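Have a look at the structure below, then the notes.
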Amino acid sequence: MNNALLRIQGLRTYFYTEEGVVRAADGVDLEIFPGETLGLVGESGCGKTVTAKSILRLIPDPPGRVVEGSVFFEGRDLLKLDRRSLRREIRGNRISMIFQDPMTSLNPVYTVGEQVSEAFRAHRRIGRARALRESVEILGRVGIASPERMVREYPHRYSGGMRQRAMIAMALACRPALLLADEPSTALDVTIQAQILELMKHLREEFQTSILLITHNLGVVAEMADRVAVMYAGQVVEKCGVERFFDGPAHPYATGLLHSFPGMARRAGRLDPIPGSIPDMVRPPEGCRFHPRCRKALPRCTENPPPVTRLEEGHLVRCWLYE
Amino acid sequence: MEKRSMFGIVFRRLVRRKTAVFGLLVFFLMVLVAFLADLIAPYGPNEMLEGMQYRPPSFAHPMGTDMLGRDVLSRVIHGARVSLGVGIVSMVAASLVGIPLGIISGYYRRWVDQILMRVVDLMLAFPVFLLAIMIMVVLSPSASNVAVALTIVYIPRYARLVRGVVLSIRENEYIEAVRALGIRPWRIFLFHILPNCIAPVMVLVTISVGVAIIAEASLSFLGMGTQPPTPSWGSDLREALTTMELNPWLGIFPGLAILLTVLGVNLLGDGLRDAIDPRLKQ
Amino acid sequence: MLRFILRRLLALIPTFVGITLVVFIMIRAIPGDPILTILAEDYSEELAQEYRQKMGLDRPVVVQYLIWLKGMVTGDWGNSLISQEPVIREVAKRLPVTLELLVLALAFAVVFSVPFGVISAVKPNSMPDHTLMTVSMLGISLPEFFLGALLLIVFALKLQWLPATSFVPLSGGLFENLRHMLLPAVTLGSARMAMFTRLIRNSMLEVVRQDYIDTARAKGLSEWLVINKHALKNALVPTVTVIGLQIGYLIGGAIIVESLFALPGIGSLGIDSILQRDYPVVQAFVIVSATGFLLANFAVDIVYTFLDPRIRVR
């Protein structure tokens, strides 16, 4: 089990705000194996983006800070790596990231070609002209029509789907081992979503890239992921293979997620949303963080945080029910 | 009730910032000095002391005396009247005229708006200080005319601001709903539109008072504003200039008075803007 | 692009006509009979009548305005009542001085405010940030004439490093010219520098929160590139608009600074003519200043479109 490409252990990322300390990631354990796609799911605000950004140390400081934990990648702890190596060897090179909203993730005042070129030039000693040529090439590969012309355009001339393609091109420029994809299709309309997912699948084969795929959409998970991790209020509450997950997960929150997802609920016969909403991340509930919303809560759930239990090989759950 | 709590929130945010509190204190101190000038000033502003010309600062005259043997401290204290008087009166007057113009323009739109905004645009085509100078060319130079000039200069700025607010409120459906209920226009102005204008207007007033104070002092410095012997920081500095190398206190103290007052007003304005619109704050 | 600029330029004409109208009204609104001023001691009823006819003052106001406007546009600006010289010649002589002062002051303000604003924004609430914000707040609150007077006394009179109220034109050598322009330009530029520093800081703080900054960092770009390439250019877009508005203050400040340092520019010409009631010169001063402001805003508009590709036309 020590052959993980990326291993996050006990990650705690806090934001120090006027309202108090927001514990956005509060003891996250995750691992991604070579070549696999891990789906990270959970309600809005549970800390998915923060976890992904923590990997590349993109948390804005102030107000945020990674206060504890380790992120081992290819034998090194990224959280302890010097800034220079992190920049030169990791960011955009071995690990890339694409963001939720393609409308805002490209810089409006530079041409797309310039921005994609930068990804090449940050990691390889090549000239402007060469980088631009390679940009044309890779933009073509991600399905931008007439890339020779489009490299010279500014992002506002691109549609949402095209921008996300450009983002993917930028991310894959240096053939990274790991791609952090933060809801890459959420902001797009359905047909474009499908195209982007198709493209990612295709490129995953071609580039042999592992993917951390963050999403709300369990349909996307079913489509893309090998394994699933469920996050709740800054912690991973369940990790298992994708079949196991759709067959019926162990954690009541994961079950709730599954039942509240329209596509899945049709099979179960009814839509069944989880009552209540995500807790205040400044003062999370005592004991199990999910207990105020949990139908199966036991007395001890309100008192002590549940331990992580291993149900079978590769299936972990953080719940008192399985103790 | 609703409104009081809004002011309460703004005030609490305001006093949380040290610089804003400092600005508030300085401003109130200066207003107090201006009101009580006759009581605090050790001498009359134009009282010439026999044989006391060009005395450097001393215990009896903390800011020295000028070429006519007048006590500089007393002149600086009385100068606060002109400075703050012109600054505050002109901005309050400009907002009192500008707000209704802006509301009318934004509410009725069409030709009223067209004409008003043409005039406003034309006035905004002149730099603030140039427009003030132009008006002072027509009026005779005096403190009260400076106030008139600055009022005229700022009316279009308030009208423009308020019009913007009104247009954005109009987008809100509830004004349409209120209108559909057959409520009279003046009630709509008074109870629905005006309250929304208060915050942005207050911010503009505070920020412009500083500009107005500097404008008054600058006009007086150029000889086009307050005329001697009326004590004014700007014109006192003008008179001090020729001998300032030998008697620096003559210019420095009026200058510092302007700096301190404007600093106070600016800090207050800054704090107020942040308190009203925390989005702008880091 | 050229057509776009031309179109924008044409759109300025109504405003220009408006400006002339305001100036025309202003000059007419001055209390007192201008003939009285012109004729002074030679005044007699017949002579006054003759002058009125000669100057067209007996025609309808609209006609008077049109005649006057034609004169303004064709460069017939009349003679100074004091020196009897053609006004346009005096203005032409003095305009370069004012333009140089404005350019130097603006350059001073921009050159220092950009790095200051960036330094402030990179580490908000740090020591450098607090220092810069305090100093800039003082700078904004300091009137030009007071700062100028202080600089004049310290550097020109006490230390004698720089000349006081004298002037050497560019034709007298660049170095000498700059030596004479340094204090006025710094005086005029300081408040704007302070203001721009704060603007750029706030704008930068807004920009560094944007997603594309994360994108730039995630690519592996150096912090230098992220800040000075990706963030700064975006931060400058809104700043440029405000700089346009601030040029109005700069023009107003130039009037004061020229008077204080006795620079032979348009501003000091204006003030002198106002104090001497030399109205042909006054109206030229106002029209030239307001038109300059109009053109400056136009230039800023063009720069703005150049910076922001979203509104660029092709």
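Quick notes
Letters A, B and C mark the chains as written, and numbering starts fresh at 1 in each.
Heads up, the rule we're going with is that a residue touches a chain if its C-beta (ideal position, glycine included) is under 8 Å from a C-beta of that chain, and two chains touch if they have at least 3 such contacts.
A quick note: this is a predicted structure, and the numbers were derived from the prediction, not measured.
Common neighbours of chain B and chain C under the contact definition above are absent.
Most remote from chain C, judged by the distance between CA-atom centroids, is A. Distance between chain centres (mean CA atoms), chain B to chain C: 23 Å. Chain geometry summary: the mean Cα position of chain A and that of chain C are 52 Å apart.
Those residues of chain C in touch with two or more other chains are numbered 124-125. Multi-chain contact residues of chain A, defined as those touching 2 or more other chains: none present. On the side of chain B, the complex with chain C involves touching residues 19, 118, 121-122, 125-130, 133-134, 137-138, 210, 214, 217-218, 221-224, 234, 237, 241, 244-245, 248, 251-252, 255, 258-259, 262-263, 266-267, 270, 280, 282.
Listing the residues of chain A that touch chain C in their complex gives 53, 56, 58, 60, 62, 87-88, 90-93, 96-97, 99-101, 104-110, 115, 118-119, 122-123, 154, 156, 167, 170-171. Looking at the complex, you find that chain C touches chain B at residues 15, 18-19, 22-23, 26, 29-31, 124-125, 137-138, 140-146, 149-150, 153, 157-158, 202, 205, 247-249, 251-253, 255-256, 259-260, 270-271, 274-275, 282, 286, 289-290, 293-294. Chain C makes touch with chain A in their complex at residues 124-125, 208-212, 214-222, 225, 230, 233-234, 237, 307-310.
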